[in-house]
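Structure, as structure tokens:
Naming follows writing order (A, B, C and D), and every chain is counted from residue 1.
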Amino acid sequence: VGNEIKPEKSVVDVGGVTFGGDRFAVIAGPCSVETREQILETARAVKRAGAGLLRGGAFKPRTSPYSFQGLAEEGLKLLMEAREETGLPIVTEVMNPRDIELVLNCADLLQIGARNMQNFPLLKEIGQTRKPVMLKRGMMATMEELLMSAEYIASEGNREIILCERGIRTFEKYTRNTFDVSAIPVLQSFTHLPVIADPSHGVGIRRFVPAMARAAVAAGADGLMIEVHTDPENAYSDGAQSMLPDEFETMMGELGAYVKLEGKHF
Amino acid sequence: VGNEIKPEKSVVDVGGVTFGGDRFAVIAGPCSVETREQILETARAVKRAGAGLLRGGAFKPRTSPYSFQGLAEEGLKLLMEAREETGLPIVTEVMNPRDIELVLNCADLLQIGARNMQNFPLLKEIGQTRKPVMLKRGMMATMEELLMSAEYIASEGNREIILCERGIRTFEKYTRNTFDVSAIPVLQSFTHLPVIADPSHGVGIRRFVPAMARAAVAAGADGLMIEVHTDPENAYSDGAQSMLPDEFETMMGELGAYVKLEGKHF
Amino acid sequence: VGNEIKPEKSVVDVGGVTFGGDRFAVIAGPCSVETREQILETARAVKRAGAGLLRGGAFKPRTSPYSFQGLAEEGLKLLMEAREETGLPIVTEVMNPRDIELVLNCADLLQIGARNMQNFPLLKEIGQTRKPVMLKRGMMATMEELLMSAEYIASEGNREIILCERGIRTFEKYTRNTFDVSAIPVLQSFTHLPVIADPSHGVGIRRFVPAMARAAVAAGADGLMIEVHTDPENAYSDGAQSMLPDEFETMMGELGAYVKLEGKHF
Amino acid sequence: VGNEIKPEKSVVDVGGVTFGGDRFAVIAGPCSVETREQILETARAVKRAGAGLLRGGAFKPRTSPYSFQGLAEEGLKLLMEAREETGLPIVTEVMNPRDIELVLNCADLLQIGARNMQNFPLLKEIGQTRKPVMLKRGMMATMEELLMSAEYIASEGNREIILCERGIRTFEKYTRNTFDVSAIPVLQSFTHLPVIADPSHGVGIRRFVPAMARAAVAAGADGLMIEVHTDPENAYSDGAQSMLPDEFETMMGELGAYVKLEGKHF
């Protein structure tokens, strides 16, 4: 995936939305798909605000086995319904090689989460598909390791890869993670793959997401992933970092000028 | 897995060798199974030196897809041959849910590696077996997260779990990881499960393994896992931290007195 | 220094240049004052490019006692000469309580470096002066600790304090530090003090400084500190992260639009 | 301070107690000197339990300026009174170059705390004395940096240096720091200086101090520093990690066998 082999930047097309070209793509939606009403309402709201893709987790990697684990197949169906209504391509995570086929039928962009960045059997099997994939940096992975994990996918034949910085684990306790904005230009200096950023996980606190989203744009990100929930207080997961649809819309409005300065458009 | 539910310590029996009781169990062997001669020779040597179990990787999680990935099924067969000759129970890693059945047929103790500590689908499927399992702490995982991952296995019905401290990732660059010896007594204060330590990965430098093995014993570990290779210079993986059989034998000799001070025996 | 006591933002005036108001202040110059020619040439160049203040170290905290330790009093004199010629206020570090008086006579803004963020006797003595002071975040310090260190200065009576994020130490090895851009809005949410950023130390690699400078502006920084050297290859310290005057000028040109978006001007 | 220059181990004599030879020296006492009764009572208790030196802070580096800052000169006098009664040499911290002369008159061993490991003016001035000095590793300092800081002292002429591992800052939240036991043998492989360990700060939780003290002995430490307080619940600082005199005495009793295994004696 090094740019010494392919100097020109790759453009990854996800259901008509492109990453890595002139367009600045924003993925938005809830951490987890919870109910039909929740995902449909959120899908409409983020579309209205200018998001290009809808995210929503059906298979959730949770620290505790006693936490909500996601709606699984039922969640995938609800995502497809949201796509049908809004036209937004779907981004959703796959954790288990045994679920790849199921998720392939629903997702427009497969997400490999931070905890699975070095799940090599999963990477290899996804490498054998031709579905676009977003690979998130592990919370304690060096940039070099992220690139090597992308290489696992690419070496099996799938080059439709988007990298995502989402914060690393440090000693700082106030923010959920330390959002490594420098990873954006550094990764871009090594690879031709698009690099996006997830400030929601990066800081983990709703009110700092807009500032970090602006920082990611200004550092040259090719897109963003933002958690949006219609009722964050009662979210099954990640409520503290999820924005209300109104807040997201305001942020998108402010981001436009920064995106334009980078020579891109939504 | 908390000891508020089961105060008395659990004893896990692996092919006749016990972890968590009076016996101090030592797992030794190469990082990877490389050749028939290598694994048989090492098995004989570590047995002679007093090891209770043989380790050897057949499926290897490597940072780069271009590094040696393990002999897979062929490696498992060689491990079974080594067990047949020496009588040592076998410890080997499983990374892919699809390989569990294959590995179950060979291993006496399934290893879940640091990179898979939060591979929840893998934990759940192994939880549905009744095979003893050693769960290594992720290099980025808090002790609480390690305990929650053990809970994933236990909540599916498999209580035959051994925890393993193997070093965490920090800013210090000289050692490969920072071997968190304090995790041994801290984990034991929360859980009834046996806790062992892997000083080979903990420091990553051969000549410091004996001192760290002594430290782990003195901190109350229930066992050790040590990498031993007949020709570390030419090892396919982890050569810098693998001890020669002679060095391992010397270390085992010295460890005896420390193990005895803890009221245990090999 | 909390904004629950003083909600309105503080404006710190340094020789006519303000931090915390409408103006976006840029401090630029070499890591160390090395020669008369070097500092004068650099001062002219950064002034031409739009910098508002000149930095230069006369007392240098170096890891090794055998590295260049700075020109001390001679360095201070050269800085004063540069100020006389260019009119740029001077920013320079003080490490030793015994040197405060000497440095007070030269500096317009005292710098307390990352290694001295918790040098409490130094903080207290500087708190007893009325000279503006820039306090850099320690490479191991939480944001809360940085605020408490500012409190050491303020509680002695000196409220002319500017905070500076300069990167923290993490496991990532490619960048010199991990530049914690999120510290900018998070600190601003707690304190009324101006918060600036030092991307040169934050990433430690010249070619990534412009992207990280833009990110800091977009995250809401009140100013920047940038290392500039006329001959980075032969710099006595920090050459790898020092920009050439031309590069700095180009960066300043590009930054203008971002500064304007934040409602500020150089 | 490298052992390529002086291969044989240095022995540092502190008021008749030696570090680095056959003797295993234990420094014990409270974090802070609080009252006459407290320090005298503690001094008697730790002496009875077998400690060789008394610690107690008179100048305290506290995160907040509003926390107890130590009794200063009054504290030094109380320490001298305790020495007179018990005969135990005194270990106490100096933070400010301006206080060196004062502390020199009281202390038998100067302590440079973790926050001052890179306070280079302080290191240089202490290097110009001939008083034994204990240099603690910074909470985010590499071992190489610790050795370079020792070099600052040695290069000024003072070779009576003892290094102290006291835990580093990591992402793990349960323990106060991560006690890097591996630093003991690693540092000893580079330097001829004695290396001791401070498990009280290393883990920060009283009940884990004995296990970590044993680990440090088994890893080859040349001594220990342990916080002991007659009333930890009401300690002005570090109560959670301070042992009661009884607990300390029990621990010392158990440690004897481990010290003997290392070929040393109290």
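Note that in this section contacts are C-beta pairs under 8 Å (C-beta built on N, C-alpha and C of every residue); 3 or more make two chains touch, one makes a residue touch a chain.
Owing to the predicted nature of the structure, the values given are computational and were not obtained by experimental measurement.
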item	value
More contacts between chains, A-C or A-B	A-C
Farthest chain (mean CA position) relative to chain C	B
Geometric centre distance via CA averages, chain D-chain A, whole Å	48
Centre-to-centre distance between chain C and chain A (centres being mean Cα positions), rounded to whole Å	35
For chain D, residues contacting two or more additional chains	140, 169-171, 173
Residue ranges of chain C in contact with chain D within the complex	61-66, 95-99, 115-116, 118-121, 124, 138-140, 145, 148, 151-152, 155, 169
Complex contacts: residues of chain B adjacent to chain C	169-171, 173
Interface residues, chain C side, partner chain A - complex	140, 142-144, 168, 170-175, 178-182, 184-186, 189, 202-203, 205, 207-208, 211-212, 214-220, 257-258, 261
